[in-house]
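Quick one: structure below, then a few questions.
To keep things simple, chains are lettered A, B and C as they appear, and every chain counts its residues starting from 1.
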Amino acid sequence: MKQFIARRIGYSLLSLLLLSLTIFLFIRLTGDPASLLAEPGASAADIAAIQKKFGLDQPVWYQYIYFMGNLLRGDLGESFYYQTPVLELYLSRLPNSLLLASVAMSFSLLLGIPTGILAAVRVGRFWDTVGKFFALLGLSLPSFLVGLLLILFFSVYLEWLPSSGSGGFLNLLMPAFALGWYFAAAHMRLTRSSMLEVMGSEYIKLARLKGLPEFKVIAKHAFKNALIPVMTLAGINLINMINVAVVVETVFAWPGIGRLLYEGISFRDFPIVQGVVIIGGSMIVAVNLLVDIVYAFVDPRIRLEA
Amino acid sequence: MLNSTRNSASSDVMPPLLELRNLSTHYVSASGSRVVRAVDDVSLTLHAGDTVGIVGESGSGKSSLALTLLRVLPPAGRIVSGQMLLDGDDLVPKPENEMRRIRGKKIGMILQDPMASLNPLFTIGDQVGEPLREHEGASRSSAWKRAIGLLKSVRIPSPETRVTQYPHEMSGGMRQRIVGAIGISCEPRLLIADEPTTSLDLTIQLQYLNLLRDLQKEHNLGLIFITHNLGIVAKMCNFLAVMYAGKMVESGPVSQVFNNPAHPYTEALLSSIPRMTENRRRLTAIEGQPPDMSNLPPGCAFAARCPRAFDRCRTEEPPVFTPAPGQTARCWLVAPESRATGAVS
Amino acid sequence: MSVTARDTAVANAGSVREWLRDVPAIPFLILGCIAFAAIFADFLAPYDPQFGSLTDRFKPPFWQHGGSLAHIFGTDHLGRDVYSRLIFGARVSMVVGFTAVIVSGVIGTVLGIVSGYLGGWVDQVIMRLTDTWLALPALTFAIFLAAIVGPSEMNIVIILAAVYWTRYARIVRGEVLSLKEREFVRLAVVAGCSKISIMRRHILPNVVNSSIVLATLMLGVVIVTEASLSFLGVGVPPPKPAWGVMLSDGKQGLMVGYWWLTVMPGVCIMLMVLSANLLGDWLRVKLDPQLRQL
């Protein structure tokens, strides 16, 4: 067990190293990192200063150590536009992103889990077909398109909901729906397949043999077991949501991390873009590690394997 | 129709505990093009206190028969004909909600895999007491108390602490005894055990079989024992039914069938009988493969593997013959006319 | 007995999908139409997609009051003909989508084969890299790359290939690991074939089905990513009529009710992605039932 966790932590550290190396090398790949790292429209003197600051006149390995050193100290550089450290900007936007992601997640689970169960229980019949159709639609409609169509309908024609900004609960509704839409489909699919697997298990058979009504068989014996993989995915997806929210946050002008990334692109504010990628990738590596460790505690087979 | 050779006077006036009349269960594929006759025209009678052993290779229909009895077939399976009389009351036409009150209450069942039969997320006490709460309206606390008693009756040490534990904290043998406790929790009249010992160690197996026999005597249960181990049948059962390709090819009192098997398949099974010391061996000693159930040959399904098959076996399906009182066999070799003409070599 | 509950459940699953599986005609037809529009855009489009007359701005589609058959789907904020832009947009989506899928598929398949067949440190390096890149959130990673290399159609293809090759590498490697143990590969080893020729002649033909199935399924993903990048302004550069760019432009007219600037390109993206997904599902079942869990 300890060995397993130690190995997983080792892999994660290796992943983080490769992640930093990837990002570092991509920036150098353009041949002219100074102009990327310098403010748009910077003077020749400014660029020379940048070159000096990041050691761009030094050999590549030295530059990498410098880059890593900054990363480890939590220094992701400073935004040109805001004149603030990127980490600070990131952390100031994080609550907004988490709020949006949580509401979107709740929505996706509230929609995905019941429909997934319904589809599994009625497998091959009407509701299963309806569910499949929506899952397909969910996976095929890009979230920004859903967002734009929602604005068109609820803000422009019905004038029920504000089209952008933050503040009230009403501001949250449409972005959360647009963001959760895709994930609802993914959660529905997983709930359905997980439920089908559990329904075929021996303990469900035994529950039926006990003479329990079908409702109790499903609600008590199948539901809890089927939910474990769904909740795992939901945990990972919460982090994913923060990272894919960029288009939805742009559409609705929601001041989260996605919006920050969009500002980074539009103002040619490269440190922001770089910072968001690094933190996003690190978060996902960390969540994967966390899931593996939790699973190792829950599933005795992994424990034995280690 | 068969009859177990019980000579007790009561069986003549009282209806038998369970009587199957020409029962057939088919599995139909989604497109309707493939039909598997998993249980085909099976008849059987069982009295209280009797133990019937049902033997056959995997895929012979013995587990489907058990699922049919409780009407918990997978969606593709349906009972197409026949009757299942429990105390003279036919279960086949019963609506689902009435059938539910029979499952776990009048008929208990023990599944084969103790490691997978218990829900990993609920305590033992919850799962053992569940049928009591469902069928007898027992309160949570009284179901809990009775669960402790049930664990005691299946010889689980320190049941008071075991009820609060989860399945993964128990050994395989202990879990199987818990599954047994669930099976008898509502004091059913009939208990079906589907290969309940295959995954257990030898000593645990013997203990478990002894436990089942004691429980049966204590409650005067009818016991249907599904197995592929004839050694277990010899130990546990007084009546034997042999299944092959969905059909009951031979049946009769254990001593009668063991001494004078009428069907060549039974004969082959008996000659490959594993001793208790090597009981993990499956019944594979017979040459050839079991037939494709969705595409059975005309005539007798066993003919291709039968050392004594003749022309008629390959063209015409044998009906049920009675070679001796209480014994039946679906084989042309025991047909009165073939015995008369001496076709038996 | 051979039929279990699970089998039947799978066999029964989804009559709409089942039906579409047997008749993939609709998605096929839609993709065909889009491909046709992309190829013959110069003949089909009545106007230049990049220039319009400023006197004809924000004309609605012909069936709405103020619209005319001159511009059947209306005009945008620069007076450009929406219908013509949609047709040329099909070309952008098709070219970018297919090239990106092919490039990433080739890179991923080759690396997957090499990684799986050679094993050892080569495998370690490639798989660690694959895992790391898979951990990067695809859209954020793509935006990062776009910010570095700047917007152009060519760069979009490179970016999409860089982001998505890992999916192929992962799956192909898994298949190669099992193929490696198969009789015909062992025979080839015994017969003294070189590693390269074994990979090319014995392994590649056996994994190419999975790659094709995955490529079809990835087509939808790639198109959505391209549209997202274009929408954010780091994809196809603006005067070009990409559907994502059109949606971005259409946002200006959205609040005043110029719905066609959003709905028209939106419907195009949706139809194309939906068709690609349905076709991918169908191919998956047809070519490689083992890939069901993809």
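Some notes on this structure:
Rule of thumb we're sticking to: contacts are C-beta pairs under 8 Å (C-beta built on N, C-alpha and C of every residue); 3 or more make two chains touch, one makes a residue touch a chain.
Please read these numbers as outputs of a predicted model, since none were measured by experiment.
For the pair subunit B and subunit C, chains touching both partners: A. Interface comparison, A-C versus A-B: the pair with the greater number of contacting C-beta pairs is A-C. Measuring from the averaged C-alpha position of subunit B to that of subunit C gives a distance of 55 Å.
Subunit C has its Cα centroid 21 Å from the Cα centroid of subunit A.
Distance between subunit A and subunit B, defined via averaged C-alpha coordinates, is recorded as 52 Å.
For subunit B, the set of residues that touch two or more other chains comprises 30.
Residues of subunit C in contact with at least two other chains: 4-5, 9, 12.
Among all residues of subunit A, those that touch two or more other chains are 124. Contact residues on subunit C toward subunit A in their complex (touch as defined above): 4-6, 9, 12-17, 128-129, 131-133, 135-137, 139-141, 143-149, 220, 224, 227-228, 231-234, 247, 250-251, 254-257, 259, 262-263, 266, 269-270, 273-274, 277-278. In the complex of the two chains, the subunit A residues touching subunit C come out as 11, 14-15, 18-19, 22-23, 26-27, 29-30, 36, 123-124, 128-129, 132-133, 136-137, 139-142, 144-145, 148-149, 151-152, 155-157, 163, 196-197, 199-200, 240, 243-244, 246-247, 250-251, 261-262, 264-266, 268, 270, 273-274, 276-277, 280-281, 284-285, 288. Within the complex formed with subunit A, the residues of subunit B that make contact are 30, 70, 72, 97, 100-105, 108-109, 111, 113, 116-122, 130-131, 134-135, 168, 179, 182. Touching subunit B in their complex are the following residues of subunit A: 124, 201-203, 205-213, 216, 220-221, 224-225, 300.
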